[in-house]
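What follows is chain A paired twice: with chain B in the first complex and chain C in the second.
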Partner chain A sequence: MPPLPSGSVGPTGHTEHTGHTGQSHQRGSGHSGRSGGSGGFPGRGLAKGLAVTLRTMTRRSVTDQYPDAQPELPPRSRGVIALLEENCTVCMLCARECPDWCIYIDSHKETLPAAEPNARARTRNVLDRFAIDFSLCMYCGICIEVCPFDALFWSPEFEYAETDILELTHEREKLREWMWTVPPPPALDPAAEEPKEIAAARKAADKLAAADAAAEAAAAAAQESAGTTPPPGGEEPAP
Partner chain B sequence: MTTALEALLRCVAVLVVFLTFPLVIGQTEHKVMAHMQGRLGPMYAGGFHGWAQLVADGVKFAQKEDIVPAGADRRIFQLAPAVALLPYLLVLIAIPVGPGGFVGQALDAGLFFVLAVMGIGVLGSLMAGWASANKFSLLGGVRSAAQLLAYELPMLLAAASVAMAAGTVSLTGILGAFHWWWVPWQIVGGFVFFTSGLAELQRPPFDMPVADSEIIFGAYTEYTGLRFALFLLSEYAGILVLCALTAVLFLGGWHGPLSADLGWLWTLLKTFALAFVVIWLRVTYPRLREDQLMRFAWTFLIPLALAQLALTGIVKVVIS
Partner chain C sequence: MTTGTPTSSTPGSGTRETTVGIGAGAATELGTSDMVLNIGPQHPSTHGVLRIKLRLDGELITAAEPVVGYMHRGAEKLFEARDYRQIVMLANRHDWLSAFANELGVVLGVERMLGMEVPVRATWTRTLLAELNRVLNHLMFLGSYPLELGGITPVFHAFHEREQLQAVMEEASGGRMHYMFNRVGGLKEDLPAGWYGRVRAAVASVRSRMDVFDDLVLGNDIFRARTRDVGVLAAALVHAYGVSGPIARASGVDFDLRRDEPYLAYPELADVLKVVTRQEGDCLARFECLLEQAHNSLDLADACLDRLAGLEPGPINTRLPKVLKAPEGHTYTWTENPLGVNGYYLVSRGDKTPWRMKLRSASYNNIQVLGELLPGTLVADMVAILGSLFFVVGDIDK
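Then we have the complex of A and B:
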């Protein structure tokens, strides 16, 4: 093939060319064949480009055919915020921390009659309304982070588009329903620290077991010390 | 009477090919381009992998309002799509598909006819660009004209090389004289012919005249509805014609194993393989700048074509 024209063909060829002429001027030598910049034959970049597109064509495409097939979402997807209302104590932390104030909470106090004759009557918060306006929500997740009682969760559910923006304010019934779509938490790493809840529970259980064992041991010791006088009905013959 | 009927039948057959094959190429482009970019392309129209996408597009175009801008040169503006499209239909008539008269109309000066008529297609863009009364369209039209001037010459020179080798300008005659070793002998000419053909069709990477990121859609900016669809169709018909011509001139057309019975299949196979290459190039390469475009034609393709012509002459003299 005759040499490529000055100014070159492709987008890669062009930059290669300008670099090449600069070098050959410095060396003071004429054009003695073109080595295509970074080595190889001229037009190597063009061939590489063709190879890339051809290789991509033989691979599976990455498209998710969404309405026909559900996408595989990672377990921590931020789809929608679900409410486990049994855990909510109406502490209002979520509503106060929300950057765009899209959580609406109404509640009242209820006085429980005293359980025992001399005890005080207790008061308790009762949730009247818990609503999240998803037209304002920016999915920052601060409410979920801040909830001290694990009442709010991320759910990967994302198909809740509406035709009216007002319908995007979802009340607690709907938020509770979404609780069923919350996946179980992902498994911990093999060498990870034990979760606090389990650690506390284990500690309590160990304590209880230790107490039981101590009580048993004490009982056994008492039995041993009283061993000289056999219990009534004992078959052991006295030494 | 029978000859008239036969001629009519041949014309109808060519028309059917002209109306369906560009759509096949267009659909292939949709899918191939999508997969080369890691996408799926049309999936819904027609049910199975979007096979009817272009039919749906056609219906959509037909429903649109046909707008002619107030300042436009009305007649020319409306005539331009026909001028762009019809030459390819005429060229298709002269392209031989199989041995033994499997051709719309065999012409003695087939090569001349084909190349001359193909050049007219670009006139459509020029007319559209001028008549639109829009500066982007005008820029696009003028760029088309410049591109035609630059690339027509290497195309003609490359075609002349084949004609020289065969000693005839009849397309069937060229195929009759073909031997397999013509392919390596004329390969440079084939490259020049195919590349300059791409440039004349304004296909990427030579799509400076319709560069949509800088001059909207060049000469076709003001077009809507069916007229716009005709311009698009002319692009795909152009691909068909260019690929068929390259296959006939440089790849031996119907020649291949079992060519007595399956000659037409070989022609089709070669044509569609080349059409795939056209699509492949479009996906792979970015657009050339206008000055790169011109320099490529004048300082690379034309010398190459002349070298091929010289080689053909030398070999021809040595053989005979």
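Then we have the complex of A and C:
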């Protein structure tokens, strides 16, 4: 590149800007606000800063002594992915939805002998390999979100650094081990909708209660119509 | 000196002085010549891999050229092969200090294309989280900028405050930086019981310590001497280069999308939202804008919490079809990210992936103005100016 003549840009820019080191206190009067540096006695800004430092010195240190003291992590913390392989049906949704395809699944089909003499033999998928490469994983949690059978969970565990990158591919045994560290999900905000599981359970319970109540009512009606115990002050049942 | 070999004069000969040299500097009286100095891509003051090619005349910068792209990851191309949930994962990574705001632009765009109504609790919680994210981002720069100017204390204070906000962000989303909490139609899941209370406590705690930056940094005479009237950015340059965010507002450009094209719940927060502006356009003004904006964001977070406390119970997301497809068409969504205007131009052909998704990131435009800002300043001021442009290299290189 052609070198510029040293005088071409310099003087205009130079005179405009070099004054700041010596003259800034006189020139820049436009700044206002919370500052303490411009007003008051000289060095007031430094004194206020030192006051902050002194105040901080009287406070307890907030440093966590990490390897000695473990951090308290919330249950949603995305540390490592755990696999409950008993729940896995090898549907491959997690591997397909993973944005960087770091889940490896191998499986084979197994034919189950027919349970009854006339029934057809059933095939089912058997998991051979389930591995997550944590050197690729972006910790987005999409695999856990899409799993329809609750086989994947977040665990807040994070201490699995390795010296060899290949070791970061956790196979199914290791992923199963992480299951023991999965915390229960936190209770939801009172304004939240019920979790799906509770809503489903409530629906089932309501249905059962309604059926029970109906059966009871039917039984009571049957008793009444038999006329064994007429209710006190009650009406005669319609014929 | 790299260009030219100024073997000027022959000392000791006594009889005759000759000036021999190549380059413009050799011919001048001082005998200096231009030097090209690379700042970065690996330089401690450039946070990340931004490279700036400086041409120097002595200590004076005569030309500056930001060389970007060392961390280009092809985010836009990757968007084209990801569905809208996977895009959220990618989008929150280009500016890793504004992850929530980045996610927001994507989902707002898709929601607009779908004509989707977002539950009111989701809208207010998103606003709250966006403002917390803004405070987190600003605290980072409030701490790192003094660090670049030689004061190491403020960054410890900044990280203490950041830690409290990150704790509530992590409790809600599971992540400390890449929240991955936005989904098309709302948020990923509802918030843990008692979370809003803990946010209020964290906001109050951070606010109670924000005066540290007023007293320790902004009032510091040395800090003011190094930043006042340094790197003055004219409003005309702001417009010419598309500079946005606190940097633009520090030059008197009164533009904030939260007020001028409100999204989320910002229309209802107009009385709390204060668009912080300064007229000076120097490094100090930029820092002041950032600081005051962080104060205002804490107020906004409190206002959101007040509103959320009075809301009816309800859902926080929308039930989505198994395969989510944005209808054919295009839309441009821009949001006021902590560092400036962040826009997504989403073109869909009705597939489950976008046909094209253009990313307009704040730092990319903001950093271009360095070519105009640096010439005429001294090398010593370069770090002050560079740091005051508050950029994230991932946001530049995408």
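What to note about this one:
Going forward, the second predicted complex is superposed on the first by the 183 of 239 C-alpha atoms of A that agree within 3 Å, B and C clash if a C-alpha of one lies under 4 Å from a C-alpha of the other, contacts with A are read in each partner's own complex, and residues count from 1 in each chain.
Everything that follows uses one rule, which is that a residue touches a chain if its C-beta (ideal position, glycine included) is under 8 Å from a C-beta of that chain, and two chains touch if they have at least 3 such contacts.
The shown structure was predicted, so the numbers you read here are calculated from the model rather than taken from an experiment.
Residue contacts after overlaying the shared chain place A:Cys91 against neither chain B nor chain C. With both structures placed on the common chain, the touch criterion links A:Glu193 to chain C but leaves chain B unconnected. Once the two complexes are laid over each other on the shared chain, residue contacts for A:Leu46 go to chain B and to chain C alike.
Contacts of A:Arg76 after superposition on the shared chain: chain C is touched, whereas chain B is not. With both complexes placed on chain A, chain A has more residues touched by C than by the other of chain B and chain C. In the superposed pair of complexes, A:Ile142 makes contact with chain C only, with no contact to chain B.
Of the two partner chains, chain B is the only one touched by A:Ser61; chain C is not.
When the two complexes are overlaid on their common chain A, residue A:Met179 makes contact with neither chain B nor chain C. Common to the chain B-facing and chain C-facing surfaces of chain A are residues 1, 4-10, 14, 46, 49, 52-53, 56, 62. On the chain A side of its complex with chain B, the touching residues are 1-2, 4-11, 14, 46, 49-50, 52-54, 56-57, 59, 61-63, 65. Taken in their complex, chain B has these residues touching chain A: 32, 34-40, 43, 188, 205, 280-281, 283-286, 288, 291-292, 295-296, 299-300, 303-304, 307. Partner chain A is touched in their complex by these residues of chain C: 3-4, 23-25, 28, 30, 32-34, 36, 55, 57-58, 60, 62-63, 82, 85-86, 88-90, 93, 121, 153, 157, 160, 163, 167, 170-175, 178, 180, 188, 190-196, 211-212, 214-225, 228-230, 278-280, 282, 284-285, 288, 291-292, 308, 311-316, 375-378, 381. Touching chain C in their complex are the following residues of chain A: 1, 3-10, 12-14, 16-21, 24-25, 27-28, 30-31, 33-38, 42-46, 48-49, 51-53, 56, 62, 73-74, 76-78, 97, 99, 138-142, 145, 154, 186-193.
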